[in-house]
Amino acid sequence: MERYEIRLSGSGGQGLILAGKILAEAVAIYDRRNAVQTQSYGPEARGGASRAEVVISDGEIDYPKAMRLDLLLSLTQVSCTKYAGDLKKDGILIVDSEAVTEIPQGDFKVYRTPIMEIAVEQVGKAVVANIVALGIMTAISGVVSEESMEKAILARVPKGTEELNMKAFRMGLETGRSLVAG
Amino acid sequence: MAEGQPASKELAIIRVNVEWCKGCEICVAFCPKDVLEMEGGKVTVARLEECTKCMLCELRCPDFAITVE
Amino acid sequence: MFDYLTYVREGNFPHIWCSGCGHGIVLKSFIRAIDKLGIHRDEAVMVSGIGCSSRTAGYVDINTLHTTHGRAIAFATGVKFANPKLHVIVVTGDGDATAIGGNHYIHAARRNIDLTVLIYNNYIYGMTGGQVSPTTPRGARASTSPFGNIEPPFNISGLASAAGASFVARGDVYHAQKLEKLITQAIQKKGFSVVEVLSPCPTAYGRRNRMASPVTLMEWLRDNCIPVKKYEKMSEEERSGKIRTGVLIDIEKPEFTEEYRKLVDSMQVRG
Amino acid sequence: MPDRYAGRTMMMQGNQACAEGAMAAGCRFFAGYPITPSSEIAEWLALRFPEVGGKFIQMEDEIGAMGAVIGASLTGVKAMTATSGPGFSLKQENIGYAAMAEVPCVVVDVQRGGPSTGMPTLPSQMDVQQARWGAHGDHGVIALTASSAQETFEQTIRAFNLAETYMMPVLLLLDEIVGHTTERIVIPDWDTVERIDRKQPEVPPDEYLPYRCPEGLIPVLANFGTGYRYNITGLCHNETGFPTNNKQENESLVIRLTEKIVAHRNEIIRLKRMMLDDADIVIFAYGTVARSARQAVMECREQGIKAGLLEATVLWPFPTEEVYALAGSVNAFVVPELNLGQMAREVELAVRCAAPVHRLNRVDGDPITPLQILDAVKEVV
Amino acid sequence: MPDRYAGRTMMMQGNQACAEGAMAAGCRFFAGYPITPSSEIAEWLALRFPEVGGKFIQMEDEIGAMGAVIGASLTGVKAMTATSGPGFSLKQENIGYAAMAEVPCVVVDVQRGGPSTGMPTLPSQMDVQQARWGAHGDHGVIALTASSAQETFEQTIRAFNLAETYMMPVLLLLDEIVGHTTERIVIPDWDTVERIDRKQPEVPPDEYLPYRCPEGLIPVLANFGTGYRYNITGLCHNETGFPTNNKQENESLVIRLTEKIVAHRNEIIRLKRMMLDDADIVIFAYGTVARSARQAVMECREQGIKAGLLEATVLWPFPTEEVYALAGSVNAFVVPELNLGQMAREVELAVRCAAPVHRLNRVDGDPITPLQILDAVKEVV
Amino acid sequence: MFDYLTYVREGNFPHIWCSGCGHGIVLKSFIRAIDKLGIHRDEAVMVSGIGCSSRTAGYVDINTLHTTHGRAIAFATGVKFANPKLHVIVVTGDGDATAIGGNHYIHAARRNIDLTVLIYNNYIYGMTGGQVSPTTPRGARASTSPFGNIEPPFNISGLASAAGASFVARGDVYHAQKLEKLITQAIQKKGFSVVEVLSPCPTAYGRRNRMASPVTLMEWLRDNCIPVKKYEKMSEEERSGKIRTGVLIDIEKPEFTEEYRKLVDSMQVRG
Amino acid sequence: MERYEIRLSGSGGQGLILAGKILAEAVAIYDRRNAVQTQSYGPEARGGASRAEVVISDGEIDYPKAMRLDLLLSLTQVSCTKYAGDLKKDGILIVDSEAVTEIPQGDFKVYRTPIMEIAVEQVGKAVVANIVALGIMTAISGVVSEESMEKAILARVPKGTEELNMKAFRMGLETGRSLVAG
Amino acid sequence: MAEGQPASKELAIIRVNVEWCKGCEICVAFCPKDVLEMEGGKVTVARLEECTKCMLCELRCPDFAITVE
């Protein structure tokens, strides 16, 4: 695969940077392909809007930032509005359907699903919304293997929360699969 | 109870600027009358009639997001 | 309802501080203080350094000067000395004022120049993501003290007194009305005045130290900040873990710009 | 009330002349920290300022001094600090702030031998590249120099005028010899001194945007306390003075900080030309060394060597075009400096290979003598 | 005891890779002061050092951090600090001291947008000239850079080796993108890492002169506490380490501080060459921008444009000869930089008018993209 | 006769200090102290800043490190932390330690790192020719306070205590034997220890303040330096103009390098 | 007159820098010719050896330091030994005969006189030795007028010491004249 | 007076390093027995027999210039 560009966007505290790191680690360490993860912050290293990017490729990844997105995840309206235009033709947009109500126009596939709600109501904790999102993205994008994602998640989440996170990931996978299935 | 209370006692006007409210719950936690509640990450007025206009919610809101009149 | 909006730069809101950050409460207390004092906004200058706390300057509709990290008091010294008619208020953080800025802090206190310094003490470097600060309690966790801080913290207020400040107070954002009073007194004082304000940082400090919720942090302030008078009556045991708040020092001594004016006046006579 | 020195001819050290120049320029604020060989500037102002209502403060360190100068300047007063190498290094962060926030002020560096503590009582010209690049981040720089007490007096005035015109810190690079040499200076009546004061807003407060730059490149900053309330920051900001995350606004600010110098280079650059019309060899010199170079040119001419002197009194912006203009018609450049060739780099960049550039460097703490320059020229001929 | 990361393949930020590189190089002392975007270096070492007995201290400011690093180094331990622009400005005086006293240490500057507080979370390459000229006084400088996490790991090791070999502070200039990008790095077994430790005296204490320089240019400084008692100063000193007023001794010291770099330039300079053999256009790039340049070269070649890349991994000393060597055979140089042309100056000086030098500058806080470089090359063709 | 010569670098003598400068007496007291303590000279490191006082380092035959102005304590922190076995003594002036170096001074005190700091307080910047310092008495003349100093001086010792030092003493060169004892105690103390030494500067301070003669300055010390115990018994009036000398603070608290060692040890157990 | 170079040398505290300034002022302000005065210090700005130079000329003075001395005054042996070699052929060396006992070889005229002793015993104060020296130099060198020197001295010395200093100057003049005569 | 004094009382040996002595007069001023005097800007021993070897001159000499044995 040439180059696959993913952006995870939302606001600080949603754990998107950690999600980006897990995704990159799954690809680069466990799937043994190349991945580079970058991020951007608000003023100095704090709060506000948050954005993580993962570029995946079988070749060397020189330019580390995304240029034309293959996949955009947006957990807030602001980030969706801001970044949807960066999607490639036929790219994929995944949004939290509760937070994002207005989808910008564009030549891309849109998947809407209440990510935060799934985390709170089906998994039981808002903090795992990022892992739910990872599950959805894994199912929809197909750029990373499920096993590698599981390993990467387990390696990064705090001790004692493994099960919760696995549950979130699987919830996400299911959601993703049914979204693809339509 | 009605006796001794000024007849003209008016209900407080509590305004929440939801654009600014960051949902920290400080106003909710320290309202002596339990007037406020959280809803969808923002504060909302649940029991206006209980409000004594003590202004503590306004005083402690870090985000200039709630006012009491 | 207090009308804060006429004092702030509304266009810059919502402010950048995190949900539950105490800094907004300090800002509000400050606004009420200058309102009460009837200070003309054109004659008030706020000088700040770098840090979450220092961002306060961007929100108040007075003359505002957001400087370099640690140097706010030095810049403020220039402003005040050049034009002593201006009310000069410094807003700064524990890191800004007492880590990199420690030297300016003690020297301005020594000189007793008429500045009002509000130190937002959140026990941490908030802006840069939670490194240990000179006020971080022993044992507390920070990104650069991952195993618990081994350094003892400064007593910010004690340092100012030892250096020569004429007014030193400590307040906290839970007791916001009292804070307003302390700030009022500090501004009124002719001389170097400090108000150390305990202002919680849920993001960078609370989360690492089992106080992630703003409410928990506020409760902690409620339960541990003890007014000077009450504190004095407490036994050694009762005092443990408690923090003295209120006016700690309030003395009269010659003020720097005033002394310089006298020197200049004496020259005019001589010349 | 005329000043007691105004209109007088006196013997003064360069450092005192600098202080007197500042006073004549209207400077009324000095914050400093002592350091050899600059301390006499502070000492003289500590003595003189009270007479004219100027403010003198010795701060706790150089960083604080630079901060105080910027703070003072924002109230509308002309403000200055003075130091030498080690202090100049310490001031860099705040000099960069003044450049970014566009606060006029004057920073004097009386150069001594470096690096580090080096040779505290001996002259050098080792900080001329630091003057250009000492602070992090890109921004334009104006740096003047002088070779005598009289010129120091005048260049100090010019430094203030440039600072107020272009709204930025202006550096004045002296050296131990100029600073400590006592010679005759004529102090004009202060009223006759050309003095430029910073512009003040012409619009009412509610229409005022501090960084709007009515003339395109230079902002108009209202003095604090005059009813224009605005914000100043060292973060990238837009016209309003508030921080911005807008990429275009970032870019236009950073570029403007350099462009405002580039665009006005002709008004800023000044050169002194001596016997250049028919010169085969151009000596490019500045500061203390230019004195020796003048004498060397005379001696060259006596010996029949067609040497001329291009003396820079403004080091930054560098007179690239002016140097290049000579390059075609001469055989060589000789650049004597009390460093290891810091401005010779610039001369080389400027001549664009049109003539060879020879260096004459001295770093032992002694000045370059006319004889040394003469010898260097002879070697080239 | 092998380290727990040794021999592992991991995902790491450039900043963490820098910290790991330092550990692998044998660094066991870090003194710092937090600043975006460098703080992760400190944070990672605060976590990691206690495991290996290394010392971590957060100082009260950057000046103190630099001082502590020099003090620690004199006991024989490899020591490092890390910062960004504003802190880099503050450290300059003490960096100059380390250069003068010839104390090995490593200073990392993770560059962000400037000037002043500027754009704290956005990348730049705006401090590359400051790295050369930031401290007052003449002295040689070694500054490395890196473009990926793996290279950061390796260049950090090299920085220590150069510092210990040439007895001086070595600067490592990263940028926000390199510092914050997470990518795969392979951490070798520490035993397999090429590690250079500073020489220790071979003569007995009573014959020892710290600045004698047995091999001509580089002194041998005994570790404090090992029985060689001597003096270290930032004043001009002679072989004994004591201050001197002797002009010849002053001169030979100042010249040696530059000469030791000039003389060893071939050992220090390293370049990466990509498709240069038949190149018409040479892109000169470094750091983050070199990544984009690599991609741009590939795209140029696809489009039939003979572009090549000369990537500097050592910025100072500048590879003047290597650049010049290419100048004769190519049509042009293109120098893309996240500043207003700071290294393009050096390229111009180096090519000596043998080919035109085109600049591509970006200062809005966004990186230069491969496409931008491609466009710039096309414009030149 | 005490044999100073085995401890000094004879080749650098006569030293650069002016006739009657007190700094040489401090140096001698220091030498007697390390002699008495039997400290191995290879294990002693003297770190100094810039100033006449800081030139001390060049004269003692131990490991010596003459740094940048104001930064001696920071450099010393590195030396000590990197190799806690070394005895690290900082020699510095009132300007070096408390003007430009004030921040390092208070932070090292806060950290309570085991350094011994000798501050040669001559109330002036001697090396640069007599500018006002943070310890210059009010009203005293200096080249930058030609009409008399308008700024109040620091209490150097009080500042160290407020910042957290575990040992603080004040001595003077007239009472040179007592000074030796104070230095001895300070070196012995595990923790941050300060000895403020009143050491006259006839050249830059005395001449401007009607005490040009070294003997007058020594007499002034003789008459005004009062041992703590005696001082405590004096009335408020008697105390006026007098200076308390002796050990002012001597407390036990955890030392920084020791605390760090414990942290490292605990990791070895964990790991 | 082309260029006349004078160096006053001795140790700190002998007032030689003040003497240099007075001489330069006499020439440049009162005699209205050109004069430039420089000095050199020990470490930083303090104590130790002391040296002041005055260059006098009718033309512009470019290079401000002395190159080949016309006149050297030495109040200490060290300074005499160090600087005598800088004298021009036929230059003038004036030494304090008590302090300087060994005169280096060279092609110059030497005047020996006990300057310090004259100040102490004939004028009454050691501090005016510098002014005595100025008198001697004025008489011997002839490069500056006596009147201008008097004015310059009066302008620079502390109030209340005018007479003392005038006495010292005249004592020096007399000494100088008799040295030239004899 | 001779009684009670050890018969073996030896005269002190006071050495002055004139190269190092800067003539500050401190030793002279504070010698309890007035043993020392200034001569030509340097210290000299005027009344050796009075010296009690109290060592105060040695102790206070800032220039390492006088020793007593």
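Per-chain residue numbering starts at 1, and chain names A, B, C, D, E, F, G and H are given in the order in which the chains are listed.
FYI, contacts are C-beta pairs under 8 Å (C-beta built on N, C-alpha and C of every residue); 3 or more make two chains touch, one makes a residue touch a chain.
This one's a predicted model, so the numbers in the text were calculated from it and none came from an experiment.
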| item | value |
| --- | --- |
| Where chain B and chain C overlap in contact partners, by chain label | none |
| Between D-G and C-E, the pair with more C-beta contacts | D-G |
| Between chain B and chain F, centroid-to-centroid distance (C-alpha), Å | 59 |
| CA centroid of chain F to CA centroid of chain G, Å | 41 |
| Touching two or more other chains - residue numbers and ranges from chain C | 17-18, 68, 99-100, 102-103, 107, 127-129, 134, 147, 260, 263, 267 |
| Multi-chain contact sites of chain B, meaning residues that touch two or more partners | none |
| Per-residue overlap in chain D, given as positions that touch at least 2 other chains | 36, 39, 50, 60-61, 63, 86, 93, 97, 116-117, 120, 233-235, 243 |
| Interface residues, chain C side, partner chain E - complex | 50, 68-70, 99-100, 102, 125, 127-129, 131-132, 134, 143-147 |
| Chain B partner contacts - residues on chain C that touch it in the complex | 1-2, 4-5, 8, 13-15, 17-25, 28, 173-174, 176-177, 202, 213-215, 218-219 |
| Sites on chain D touched by chain E in the complex | 63, 85-86, 88-90, 92-93, 96-97, 99-101, 111, 113-120, 122, 124, 126-127, 129-130, 132-139, 233-236, 247-248, 250-251, 254-255, 257-258, 339-340, 342, 345, 348-349, 352-353, 362-366 |
| Contact set on chain G toward chain D in their complex | 20-21, 24-25, 28-29, 34-45, 60-65, 67 |
| Interface residues, chain H side, partner chain F - complex | 19-20, 22-26, 29-30, 55, 58-65, 67-69 |
